[in-house]
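Accompanying notes for the structure given below.
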């Protein structure tokens, strides 16, 4: 197997010439074999109209695998989705971006409103799944919604209040992030990467910086790494607070909803007091961090974190002991572990179903390399499991953040990188609060960036939501949706 | 002094519904540690809506246009027969609680028609949910009122409620069951939290809110007002179960208002302390009213008429 | 007041029929025990001291405190928090319970034409409670719920005995006390054993012995 | 004497728990078996005057004597069983203590003339015997124990409701003791009495294993150790039936005899039907024996239901069944000990591999299936005769047909197990203690069959129906 793949680590730069290129048939066999052994897809990237590469993650070996596929002519290749449904979104994206047809793909339709696609396609040309029957009816929601949320169209096939199937059509927010990355100076793309997904600012900018620093071949001081991870964990805890508040709000349990919202504010204000932005924008920059945590503020921050944690525990105890709340959460929107593994769910939602994928554990990077952490998982796969997962991860984040504040070492804050290695490739995976964020950067022979790819965890998990609401009541959809809380723009890029 | 009560009641019908909403909202905000909107906010909203123009979809028939007015007027007429302060209804005649129930039914019928008329799948869903729950509430209402009527030997609203407090022997029991049943009705008809979530913005989970989604301007104002008036009327029944007829009209009016405010607070506390029920579990909650009604009816028969 | 207590007792059954959370069942058992205790205080205050003491021990000590505590201990230690799925939806469960109430009250009403009838409300509610206990046993899957159904039947029986047999000999009462105590604890121990043997406390597991 | 009979087992069981020595257990069991037998015999011959709660009368003296014989055999067998079974010392002590407590409860159950106490003792027997059923700690034994304790507890609750209803109708009666009730039977309100009878029939009938309340019985009887199975079938079922008999007498005296009889006939016939259906496809011989208990209790119930001249055969039937069934359960213990299986398919050639047990197995079966001199022959014959006399043609026909059917299917199973070529295993007798108890039981049964006139005189003391 090792001969068929280029094997490398997270945040490591490799030469593009080392990627083995295989014929379509051999490629298919190789990838299928690897997937049977437990690796999972991270990215499919077309480097031309007749060749593409795949990046797989091998959690057991703590390494990433890469292989390329060369097509004879423009005939396309045999789709992998039938054997491994986890590939189905990647193959749709590949087809949309490059025109390479995955032959035999079960549901080939565009992922996004594809203004950067090879051919011009209108999203409205593509059909939805349809269900026929006397008592079956369809309910379409969106793309414009009642709340202040992003656009997306949800098409329910229902029988009365029961949902048979949900089809989710996104892509209304496609901004061409990957193309914008290639324009202009690659060293100045921090702001762009910070705005890939507004609520995962730190995760995306860390991944961008990670890829860039790997290509530039520089290492950071422990202090810079610690501050980055501190910001990451605060972001995680704050988002979990927000989601728990939203979950409580969706079941109309107002006290918990209000108080979670109330305690989220001081938490994100902590980021503001470091870098001036509540979401941590402007904190992380290539080569290190732009702002420092002053040594004198450490005791105060520690106290503040402990206070928030104490309040968090009180309100969490209240929420999870309320019978009426539990009866809403339990057995709602269940994704069993087998299904979750099959469709390649990652991150928080995957861990709630029992899949222990955690980049911080399996592909450790920066500070996490020095400090081992244990993954937290649930088994239920229902809304309750996802809520409990948020509770446990927030607890863990508090612990890590406090640990960082306790041990914050001295060191240089930032050393800006200057040049990139030529003909190289780096994949940076970070664990955002929603799950694994993947950025891949490839440079050409002149040391200029030639390709940039981004994958948000929402991309793989949206389909999990579609499966979760099956056989649930249609009125439980908002609750299921909130329990996943996936990103529209992270998916649309 | 006697003229004071009808005047007070008319003022109550006009002003209290919006105040009632304001009290509930204030209580909820205060409990959650927020400052919340002013207690007069529903009045501001009402005036604002009245001053706006209405947008009516071209796809709808005239029913959509007249339905809000019908709903509003039926509720207003219904308010005339419900005993308010000092157990005094503006008009009252034997069997008027049946009249009341049918007026409520008429208003609901037109709001359902209007919702279906828009052709929106959400509003159809909301209408179907509302009618499902109503089918449980209506018979239960009759059972509860009928058992009170049996207990007191009267069939007019105001006499039933003024006598129930004086019924010997089983006062505690009938007060308990009757008020519990009517409270379930209040939460269901008022679309409050375990049944519906008045604050939600999610069309898929709404019941009442989704039915008025297409109404705007004065129509929406009337519907909102009628909705709160309905809640006030049911609350008035609950309060009157506990209120004896007093000689002092002023004291009676004050006590009655305080009772209404207390019911509003009780609604708010219920909303704060439980989460909303799963949609498929709502019927069993609403059916509770039937169960309570039957138990009340049979207890009354057993205790009052078994000669023991 | 007495009637209100009895009807409240009946209402706890109505609540149980609508829920699937075991904690609620236990809370209802506790409330039932307390209500029986209050009833004893209200109606039996002129009884002999030993009889009264025994009855208080039985209602307050056993039914209200010890048994709920023990059942709670069992569900905590076995991590069972809810009845997974009752074999009939809760809505029908509530409707059936209501029908049982109607039926029982009708029986009680009808029985007033007989001589020596017990107090009709006692009679009606206790019939309803016993029948509902059986309904719970029939329609719920978990073994622990069956024990709770059994306790509900016992409570209904106790209410009935309060209504009609106020002069029950002490010795019989003592026997009842002992039996409930031992039966519930034996049942509780069995539940724990079953847990350790079958991994799951579902009644469907107990179908090995069949013909 | 009564006090001695009731207190000895309690004291001895406490001693057994205190000493926990194997030798002491065996000595206790042996002593108590003999002591109990002679005490009971003495009580039957010289009835003591009735106290307010306990008395020896014509009816319960039959049951007392019968259970003393069954206890004698079962306790003797227990000594052998304890020696051979690999139970730990602690469990042996528990076994002994529980056995003695069981004897205490059963004696109380038989001797008490107070309805309330009868109820208490009946519940106590459930609690005391559950640990036996659970003793093997297998999945199946756990399940059987659960069903046993749960169904019986529920049944007993129903019986309690019956008692409450009875006391409701019997406000004018001084106490709930049967003599008082009988004396003032006509003063009891007939509606409440009828209701009470139904509830008591359900409650006691559950314990007696009457169809359709029998579902726990096959499980519990087949999972218990052989001596306990023998006692459950041979003594406990009778005890529960005693309660029904006493209530039936009360109904008769209150002039309400007709509808309880109908109930009893229905339940008896239903038991027969259920048993015949099961035995057609029997796979487990202990379960088969348990179902046969349902059948025979059903026949006795049927006889009591038919009433008149059929009551005496009913009592005789109980005697014959208890003795024969206890011996069969004990023999099945020998078979299980040798073959390590309860499946009928796994057992062939008992006669050649263990001649003693094989002969007793066949003898027990013949005794059970009413081959003369079995008392069951007389009882079944007289029952059918009485049914014909009372013009109950259809029930009589059903009974005759079902009995034949059960005889055929059980016979084929028993003989298949007894004969058949299992030449590989060499013949080996079980120890004497594994055989003597059955011989005692079968001899007693044969004696009851051989000297019907004296025995009838004794039995007819119990017939006041």
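Observations, loosely collected:
First chain written, first letter: the chains are A, B, C and D, and each begins at residue 1.
Keep this in mind: a contact is a pair of C-beta atoms (placed from the backbone, for glycine too) under 8 Å apart; a residue touches a chain by one contact, two chains touch by 3 or more.
Since the structure is predicted, the reported quantities are computational estimates derived from the model, not experimental observations.
In this assembly, the chain whose C-alpha centre lies farthest from subunit B is D.
Once CA atoms are averaged chain by chain and compared with the all-protein CA average, the nearest chain turns out to be C.
Counting C-beta pairs in contact, the chain pair with the largest number is C-D. Centroids built from CA atoms put subunit D at 31 Å from subunit C. With centres taken as mean Cα positions, subunit C sits 36 Å from subunit B. Here the spacing of subunit B and subunit D, counted between their Cα centres, is 65 Å. One inter-chain figure worth recording: subunit A and subunit C are separated by 52 Å, centre to centre, where each centre is the mean of the chain's CA atoms. Residue positions 327 of subunit A are each in touch with at least two other chains.
Chain contacts here follow an irregular pattern that is not a line, a ring, a star or a complete set. Of all possible chain pairings, those that touch are A-B, A-C, B-C, C-D. Of all residues in subunit C, only 19-21, 23-24, 81-82 touch subunit A in the complex they form.
On the side of subunit A, the complex with subunit B involves touching residues 137-141, 146-147, 161, 248-255, 257-259, 262, 322, 324-325, 327-328, 332, 473-478. Of all residues in subunit D, those touching subunit C in their complex are 116-117, 119-120, 123-124, 127, 130, 134, 139-140, 142-147, 149-150, 153-154, 156-157, 160-161, 163-165, 167-169, 171, 175-176, 189, 191-192, 218-219, 278, 281, 287.
Considering their complex, residues 1, 3-4, 7-8, 10-11, 14, 18, 89-91, 93-95, 97-98, 101-102, 105-106, 108-109, 112, 119-121, 124 of subunit C touch subunit B. On subunit C, the positions that touch subunit D within their shared complex are 114-118, 130, 137, 143, 146, 150, 153-154, 157, 160-161, 164-165, 168-169, 171-172, 175-176, 178-179, 182-183, 186-187, 190, 193-194, 197-198, 206, 208-209, 211.
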